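Each of the next two complexes has subunit A plus one other chain: subunit B in the first, subunit C in the second.
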Partner chain A sequence: MKGTFQRKYLGIPYALYLLVFVILPLVVIVSYAFTDSNGKPGIGNLLNFFTDPNTLGTLVYSLVLAFVTTLICLLIAYPVGYLLAMSSIRSKGAILMLMIMPMWINFTLRITALKELLTMFEGNLAFHPFMNSVIGMTYDFLPFMILPIYNQISRIDKSLLEAAADLGADPTQAFIRVMLPLSMPGVISGISMVFLPAMTNYVVLDMLYNSTYIMGSLIGSYFSAYDWHGGSMISLILLIMICLFTLLAGKDESQGNVRGGSVL
Partner chain B sequence: MKKIIAVLFSVIVFISVIPPLPASAANEDVLTIRVCNWEEYIDEGGWDEEEVIDLESGDIFGETALYEEFEDWYYENYGQRVHIEYSCFGTNEELYNMLTLGDEFDLVAPSEYMIMKLLAEDRLVPFSDDFFDEENELNYYIRNVSPFIRETFESNEINGEYWNRYAACYMWGVVGFLYNPEAVSEEDVSTWNILVNEDYRRQMTLKDNVRDSYFATLGAIKGDLLLSDDFRNDPDYHERLAEEMNDTSPETVEGALTFLQQAKDNVYSFETDSGKADMVTGKVLVNLQWSGDAVYAMDQAEEEDFELDFSVPEECTNLWFDGWVMLKDGIGDSAEKQRACEAFINFLSRPDNAVRNMYYIGYTSSIAGGTDGDQIIEYIDWTYSAEEDEEDTVEYDLGYFFDGSLYGEDAGEGSGEYILTVPEEQTRRQLFAQYPPREVTDRSAIMRYFDSEANARINQMWICVRCYNIGKINAAGWVAIALAIVIVISAAVYMRLKEKRVKDVKVNRRPLRIRQPR
Partner chain C sequence: MKKNTFVTPLVLTLALLFIYAPILILALYSFTDAASIGESLHFSVQNYVTLFTTEELADMIKGTLLLALIVAVISTILGTLGAMGSFYSKPGMSAAYRIANQVPVVNADVVTGFSICILLVVVFGISKDTFFPLVAGQTVICAPFVYLSVYPKLGQMDPAIYEAALDLGASPQVAVRKVVIPQIMPGIVSGFVMAVTLSLDDYFVATYTKPASFDTISTYVVNATRGSQTQIKTALWALSTVIFLIVLVICIVMNRKSISGEKRSARKARRANA
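After this line comes the complex of A and B, so read on.
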């Protein structure tokens, strides 16, 4: 019967949300990015970004900071996720909860606490701004790396490892040829959840006394100088980078066949 | 699909035609006034019993928020019901962006340079003539404002429009250094050059705000000139000082860049709000600070049983004001809105209410009192005066603020009625910060708003200070970055290829032979 409720109507609230809070702002950003302060269209803002050694330096600084943070998160999170998923201890849930518990508390509070802790260990924080920023970001983002890796590994069919052993693989070989490829989708989704936010999470830097701008604070400084055009362009460039990254990562994830198809 | 779009569209149309609900729909003759003020910049009441300020002229106590009390006061005196829709902003720039992006307010309280910007853009409504009528007993502002403030507002203009026509001063102060006297000598902290003093390496904070940092920088790089006797004794000293401290020429901005880059490597951080707490917990020793926040931090330190002092560098200081202005966008032609806004300013200017604000937020009110009560000077006396048996006391003259004059033969002199006897330490503590003496305001300059060209130049300078310059990466750095990129890319490519290989593998299976049961 026509006019009755259809299931697809359930999508309407979200479609509205999408329109008002995602599509519309995006249109505004794009229109600001490609105009100058007199409203004349052009790519002046784009050229400014790629010719100014300060903005380029900020991009490199943010990328390096995010890269180091991601690497350290990965080095800590993978063993934890692996051990937790493979072990047969009964208190697994409790340990996992300990890992994600910090996520329930607002991160500015957590960083404030971290600041006091670090001051206790290091004394004056201002001498190692980069290191402190990495510690702060790692502290902030670690759960986002552990969870997807743990989930992925615990979904792997353990009989695949037994099969590898049956076929003569020693534990190292089994790990490299079976475990690692199968856990990759978790690793990749963990990376995308850490790397991208780490490029813009300037509050951590502010609170831990790193006075160097990263992408997030750079955009903020443009806005507080009333230069919405330059700020929008930087946001747009960041957005495009994020899109490229998710495009690359997302493809892998969709093919992540937990049942072992890709090991064969 | 079409139907969905139609539904979507109708919902959007429906939403956009619903009129916004008025604050109190039931009572239509309530006038709503939208006020936007700095965060924590008004007495919001709820004081403890023991917080009563017991002055000779009566007790002062904050029970409910001043903006709520105003509603009843206005009804009693003007016979009209108003509702104050009170909201807050965090920085002048934030307020400006809010106004530009379409938020509507009737009355806001930005700083002097933002007032000048709004005035230059013709967005302010001038006060009515009645606002300046000293005969009207409800005009607390004009009857009680300090002559020091009043004359400053009467003598500063932008494009020929004098401030006092458009703005009523709310709070004011200077900028200086909050410091820990046990570790920092008074001499070191009496110059802006302490920011590059290596003795305090990584133990000072600057403001994360280009205007305050730029002012401090100008004070440091122009120090020799500003301190020279020739300059000090020039009959046009104040004009010349104002000119020097508003210098935005390319050469000066260049010099400021060099200084700030040096300072950035020497200070602990650029802070917005954490400076006070870091002073109290002892993380830093010197903190560039506004006088009102310094008062707050010194009070906090006292509670923790140690001492923080305030110093204003010898070169000069930044005299700043926050003032109430009415916006064209909000008020329009509405005479009754304008009357209510002006009454709101007057209500806050009643001396007892000014005391409540000062007690609550720590900043200094523009109100001196006198005509409608002596609560202000009584409050200062109540807070800071020495006990009778105290030995180490000094006389502290506040005449310039209460009944002095900026101009004429007795400029800077008061009648001598406003001299307090205070403990000696108060000459560098809360009293000094809250009511700086005449010699401090004498070496102060107002920092005006910069035109868009100068603004762009200074902001670019600030970005240079704060950003990591790509030129600073050395050869080894580039090699490391290149290596990282190569590793990441080759890992991605390897995974891709492997996947492809896996997909391309052809498995030749023998067809299953299932033995059929006979």
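After this line comes the complex of A and C, so read on.
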């Protein structure tokens, strides 16, 4: 009865799929990044990136934009996640669901709604490109910050706060020395959900009639110009930043489920 | 914690207001003949008539839904098989699966879309008109989430049940089909739902890999905001409202279900204690 079938063989199709459609594209990106349009190897694309004031300016601009967006998301999401997780209201689940629901509505439609509303207040959105970019990105990514922070805080054993109070900490001290450190994994997971998309999701800016460029827009413009090599170099630089970021953020694999929007 | 009785509702209300004001105001204006928000309100269902009678819009919506279903089915099959294969492999192999699976999850979608396009279209020379790059590309961003949703369910399963099935004479294939799959079904279902929503929300992979003549909701909406066709633009407000209502209804139903599920299990627990 010892057949040749083993359960681990079930993974073969997916293993092949990952090899061809996940690993191979990365190899291609690296090889295109270090060749020119004639196929000659070299570091011309890398030098172009770091000597062109435009691309460097774009890198700095995206970093600043992503930083400000992440900070504002955090300033909104932490109090919201904290208060919701600590509150004893009965409709907690329903309110969390409402906070998360935008994840399931197509983001281009949500940005359309935001754009119409902003236009009513501001007129031409191109007059305040940075502010509108931050508003757009914050609007798009806020749920991805609220969910991990809420999840983390609701997992914290609340008796720890009582213990801190019994040991003589006032509420502020208890918050800073107990709550804040324990909620950090959620904060870090939230930051990694917001920072990178804010550097790359250029469609949000495009839709807000914003002429400013972020790292993602560079890939878009190389793509439109059929410059695969330049686009690959930008992709590679982003990939390296993503790797560094993932290492810094630690091995939190719950973020996959956050992005997938699984609350249930 | 007394001050929170006032602070909590205020903060939560403000956050919900920020999240929903644009969507709700757009929904209100979708029922008027206004071309931009802030104009005076004159009731009209013209946007909904345009949405449901314009062939271009109907084709685009049907195409998007069909694509999402195809991608979700393929992703669910691949991701589920992958999770099982990885779970039952040796630790080293399992780690290799996990790392490769994590790449599309943490990667920026722009980079994923661009790299798939280069590999399939530029290097392999596959035409975008075959829809192969589009389906394969969206599967890359969806299947890893199915994997992530199925994998933990395998860990929660009692391994003895599978062994028992073998002892009772089931072949390994039959045991997987009749014992393992039913046990991990909740993970498979939620993975499938995630795959559908990720495909519906995708812009970047679609824009780099889709045939020129085909549009998903995302690519269509982005093009429409650049264009000057007011009629189409306001019909999209109606689409936004319809999608919002569908998602809202699904959420309410799921919320009801989970509440009644909690109540049922609480009742069961009480009965067990009694």
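Convention: the second predicted complex is superposed on the first by the 242 of 264 C-alpha atoms of A that agree within 3 Å, B and C clash if a C-alpha of one lies under 4 Å from a C-alpha of the other, contacts with A are read in each partner's own complex, and residues count from 1 in each chain.
The rule we apply is simple: a residue touches a chain if its C-beta (ideal position, glycine included) is under 8 Å from a C-beta of that chain, and two chains touch if they have at least 3 such contacts.
Predicted, not measured: the structure shown is a model, and the values here were computed from it.
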#### Entry: Combined model on subunit A: subunit C and subunit B, fit or clash
clash
### Query
Does subunit B (first) or subunit C (second) touch A:D36, or do both, or does neither?
neither
### First (subunit B), second (subunit C), both or neither touched by A:G220
second
### Query
Counting residues of subunit A in contact, which comes out ahead: subunit B or subunit C?
C
### Task
Return first, second, both or neither, reflecting whether A:I12 touches subunit B, subunit C, both chains, or no partner chain.
both
### Query
Between subunit B (first) and subunit C (second), which does A:A126 come into contact with in this model arrangement: first, second, both, or neither?
first
### Query
Given the touch rule stated above, what does A:M99 touch, subunit B (first), subunit C (second), both, or neither?
second
### Query
Who does A:V64 touch here: subunit B (first), subunit C (second), both, or neither?
first
### Query
If you stack the two complexes on chain A, which partner ends up touching A:M207: first (subunit B), second (subunit C), both, or neither?
both
### Query
Where along subunit C is the clash with subunit B: 185-193, 221-229 or 239-247?
221-229
## Note on the structure
Intersected contact list for subunit A, partners subunit B and subunit C 8-9, 12, 15, 19, 119, 206-207, 223, 255, 261-262, 264
### Query
Tell me, which parts of subunit B touch subunit A in their complex?
4, 7-8, 11-12, 91, 93-94, 96-97, 100, 202-203, 208, 210, 264, 267-272, 274, 283, 455-456, 459, 462-464, 466-473, 481, 484, 492, 495, 498-499, 502, 505
### Of subunit C, residues touching subunit A in the complex
1, 4, 7-8, 11-12, 15-16, 18-23, 25-26, 29, 36-38, 78-79, 81-86, 88-90, 93, 97-98, 100-112, 114-119, 122-123, 136-137, 139-140, 143-145, 147-149, 171-173, 176, 180, 190, 194, 197-198, 200-201, 203-204, 208, 217-218, 221-222, 225-226, 236-237, 239-240, 243-244, 247-248, 250-251, 254-255, 258-259
#### Entry: Touch list for subunit A against partner subunit C, complex
1, 3, 5-15, 17-19, 21-26, 28-29, 32, 76, 79-80, 83-84, 86-87, 89, 93-95, 97-99, 101-110, 112-117, 119-120, 139, 142-143, 146, 192, 196-197, 199-203, 206-207, 216, 219-220, 223, 228, 231-232, 235, 238-239, 242, 245-246, 253, 255-257, 259-262, 264
### Message
Under the stated contact criterion, what part of subunit A meets subunit B in this complex?
### Response
8-9, 12, 15-16, 19, 53-58, 60-61, 64, 67, 119, 124-127, 181, 184, 206-207, 209-213, 217-218, 221, 223-227, 248, 252, 255, 261-262, 264
